[in-house]
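Here it is, the structure, as structure tokens.
Labels A, B, C, D and E are assigned to the chains in the order they are written; within every chain, residues are numbered from 1.
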């Protein structure tokens, strides 16, 4: 039992004990158990980017069992995937690692300036499959954002009543944002705030850049001298934007890249107070041994932080 | 990960991964984690027998938190109690130990020759409170048995769909049985069979005596020379009666008694292949330190068995 | 494809193709495939009579898988059992033999002059477990008969809409009948009629005796010179009472007995036009090899009949 | 198209056109088409009295198709039977004659001083089977009468909404009535009133006797000099009791008897203004040719009346 | 009983025994019974392309019974069609061959760059008609893809709970794809992945061409040297993309063509590890005798493969 875990659970004061149980399950699992830090393996790229782009580089990843094995071996806190991947291993690995069922997904055979994922799973699916959490993606900045927020609201209400944790991928995207703006510091911070206000228990955003997208925001960032030069500073600001640090917020790893680059980014996030990372392609596109080595290194950085 | 746990989970072949997850949680928890053996703390005596009869002997037990602490400290696989006791600690101890919400209970301010407990909780309660299982008591031999079986059927269907484990207390009692008959070997074996046929995942019965209650059964026990002289033999017969050993079956401790008496009984149960014990009064009516010592001794007996 | 099977299916003219599919599945399965004759293995005695009385004589029968294996090896048309036994093997043996989920059951720890089984399963259970049919027991003659008829009506309506076959065990019993009357020819014929009028697709009654229970009936049997001297004659009358032969009606084997006695009874039933037998104790209480031999002999008698 | 039929339909002024369509279908069917008179064949005796007592005398009647053929050949307005008999012929004879699905039935293997039939069919069954009407039996005078009235109310509400005609068999019976009282003139008239007040479209009662059962009624019958000496007088009084003649009321034939006896009774009923007869045993227990002759004679009497 | 069938069923680990029963039924049916290979007859072209384009070439095909006869005579594993065609033969051929009810369909009287079929059947229809499976078409690449995915999600959840197999036709099409791109290897592989992630049990895609449609994919195919020169290589890649071979994936036959051309294509698919073919126009547009010959030849190729 860890004081830090209890402290974090204390923030979720309106949630029922079922949600707290599942949050604790995640925080008591894997290499970072008891630290309140997270490294989560997400594998929805097969759906989002297509199978070859996702798995050709490390072809055992075509097999859904591979990712369960990887997440467990690496001591991740949880494994997140769409319905098909979860169904394909949920019995064999039942209870071995907390599962996050992604409830909506987009594919890349059609692309839209104003995207909205399709709902692809249900809270009832999450219960029958033994999941600890449901995951949901929103695209603030899309002209379809409200439809997503409203779908999330409904599913989150149902999930919470059933004791499931709600994890929200908050990825600004859409016709109202520049490409650069999708990871702008003001936009990332705003995305965190929106997900938190929608009632998410765990927020997932992208590592923010120094760019500031919105003029109205720019004035304030300058007037108030908000420090956004280093990744650590920016991370600190995003964490602060997630209810002054009272919500678990983790950061995506983004595109596959070199190990040093990955670890440098993690260092910045960890120094800025990030609760952890959700790292897909940089994990499952490496050979198993390399992936385990990288994930251990990432865990060590988070464990050492603060 | 334990081969024995996987073997046991394999028996529950029609259940969804959610049920398997919660079964594994129980079997991966506490001092007996990985062995497929169980020691569970149940505290429904406050409801069933009244507070003074239950808690005066060891008065910290009036406080619901005490039993969570006891179950966790003792390394029990799970803690079982009625709605009120679970609600009183479910947030503080969320995720620390698998909880079994007792869905029906009887009090002793009214007593009936043909008893039937009141339904006192719901599957939805179990989900919001983060429980791993629901518990339900049936009294075969009561003229109200069918009403209980039908309530159980409905709640079990709902619980299984939501991924919850179903634990059935099968306690023969009622106008058709003699007092001695309630723990007769033929009746205990029959009680196990009924609970298993009703779809229970975990069955709980009383340690059987050598007495044979029903004439029709007596003929068979004699003709087939079923060994029922020692507790181990009787236990083996009851385990066999639970689908040839394909269902987890545990035994209640019954009335408070001396330590040696308790351990001797456990020895007999363990030698007969019992999956474990559910031990209430002999645990929580002793001072904490004594209770911990006793429960450890019980766990050691089960660990050593077979 | 068999003309006889098509002829029989033609009688169920108000049923949807889903029901016909499952009826055909039964008639196309096993050693009697294509003949329109039935030998079904039922194993609900663990629930109805207790485990030792049911399985001690041939102890592999404690294991639920044993009965799936027996029914398949023997070339039975179907295997019938309560929820627990079906759940314990439905995945391993999925699709290997038509399953009949018994939706209600009685135990013998309580006995009543006016019995009524408890509902122990649902149509939804039958669907998720891949069953071809549901089974339901009624006790005409019990003062609780109407409650049973009404439960049956509701479950049968639901089952038929889902394409499931409805099998009714019609066993007269209760305070208005003498013990001898339970198998009286007039009562058995009446029990068949009631089940058929309630909409059953397959009726199961006991082999009738020469006794006539009801005075009002006696007058007619005598006036109309209804032949009831031999078992074949009585069977013919019961088959006629099941809508002039337009409903599948099968006969239970009753208590365990010697092989010659069993085969003599089957001969009488087959000569009288019975569609088959449902044979439990006489099958699963013999060692597997003996049971297979007996069931083959029974099948040969039915195949040779008419 | 007949003025009389329109007149009769006009009485059912709160019913929807669906109900009127089915009422007209009955009145436009068979030998009495257009007259507003009825001869209906009911065959629920297999359920009510048992198969041998019902069908042994004329054994083709064991076959459910026989009764469809009889009703059609005889030019009946409708054929009424329980679920099983209707299901067994509803496809072959679909649309050939209006069907009345009996929604409740009693068997004689148990008898009670205060009877109540079991509900054995549903409005949904009647729709899927193409029926024009549902039938329901009530036993005024039974201590269970209210349960029947309430079941009827619910089913009638549902039936009317679906455009089905509601036919009520109103047969006084129970511990509060003498045997003689079951057909007493005051009781029959009262039974008609109750059924009409419960919303029945077509009422079926027994031919009343001169006996007056209730003292309170007797005083009025004497004071008001209500004529009850002849069957015609009594019938007129019962018809009057059914909303002054604004409800279709028909009379049962009762036990099988000689042809002259039957026709004499019909003459009395017809002279008293009965809308018709529902004649079971006197029809289907005669050989087909005799039955057709009798039914034609009955129809002639009704056609000639008034 | 076949080890290969058991192995394949083992992949569907989160599904209930009802789904496994129906999957086994398909794999135990027809000429390829026991091999885990499939040849399925689909006839939805009457709806999709119009009657003359579909049936004029072999005019017995206008009659729905023709296709049941063809599928049975040819020893297909299943027959798939829209509601009307299934309803037109479901009673006559009940239980003779597993049926797949197509739950959505498009007609060609309107054509759209971004198509979406109309939902034309329900899970309840599939149950009442005795189907083993439901079929659903998605068009990845259409701007209406998400609406299709969400309809599928809902119907698949309902179908699985009722024990029905879910077959998904995944046919990329829409304004974001070139005509050539619809069968591009990257797009076909992606289409398989999407269907699998949506929870399909059986996936149906088109035979892929060497073309690579998407630039982002092209880079990976080149970098990882994914072999796509021969049809066998491409098939192997698509099978791999269906969860590393853990999902049954079959290939459509496409336009009617010459026998040699058909068999050459089948050879390539079979060599690449395809589980089978779903062959419509090439079957039902040939005279029966020719179709049977062709289908046998196709089955022989699959039987011989690997």
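By our rule, contacts are C-beta pairs under 8 Å (C-beta built on N, C-alpha and C of every residue); 3 or more make two chains touch, one makes a residue touch a chain.
In this text the structure is predicted, and so the values were computed from the model without any measurement.
K.L.:
What's the overlap between the neighbours of chain A and those of chain B?
P.N.:
Chains that touch both chain A and chain B, as defined above, are E.
K.L.:
What's the call on chain C versus chain E, same or different interface residues, using the half cut on shared numbers?
P.N.:
Both copies touch with mostly the same residues.
K.L.:
Need the most distant chain from chain B, centre defined as the mean of C-alpha atoms.
P.N.:
Using the mean of the C-alpha atoms as each chain's centre, the farthest one from chain B is D.
K.L.:
For which chain is the distance between its Cα centroid and the global protein Cα centroid smallest?
P.N.:
C
K.L.:
Quick check: superposing chain C onto chain D on C-alpha atoms, how many degrees is the rotation, to the nearest 5?
P.N.:
Best-fit rotation on C-alpha atoms: 70 degrees.
K.L.:
What chain is the most remote from chain C, judged by the mean position of CA atoms in each chain?
P.N.:
A
K.L.:
Measure off the straight-line distance from the CA centroid of chain B to the CA centroid of chain D, and report it in whole Å.
P.N.:
58
K.L.:
Rounded to the nearest whole Å, what is the centre-to-centre distance of chain A and chain D, using the mean of the C-alpha atoms as each centre?
P.N.:
Here chain A and chain D have centroids separated by 71 Å.
K.L.:
Where in chain A do residues touch two or more of the other chains?
P.N.:
90-91, 124, 128-129
K.L.:
What topology does the chain touch graph have (line, ring, star, complete, other)?
P.N.:
Graph shape here is other: it fits none of the named patterns.
K.L.:
Which chain pairs here would you call touching?
P.N.:
The list of touching pairs comes to A-B, A-E, B-C, B-E, C-D, C-E.
K.L.:
Going by the contact rule set out above, which residues of chain C touch chain B in the complex?
P.N.:
46-47, 49-53, 55-57, 59-60, 62-66, 82-92, 105-112, 116-122, 124-125, 128-129
K.L.:
For the complex, which residues does chain B have touching chain A?
P.N.:
The touching residues are 1, 9, 16-25, 28, 90-91, 94-96, 124, 127-131, 161-163.
K.L.:
What does chain E use to touch chain B in their complex?
P.N.:
Contacts found on chain E: 13-14, 16-17.
K.L.:
In their shared complex, at which residues does chain C touch chain D?
P.N.:
11, 13-15, 140-143, 145-147, 149-150, 153, 157, 172, 174-177, 186-187, 189-194, 196-200, 214, 216-217, 220-221, 224, 226, 237, 240-241, 243-247
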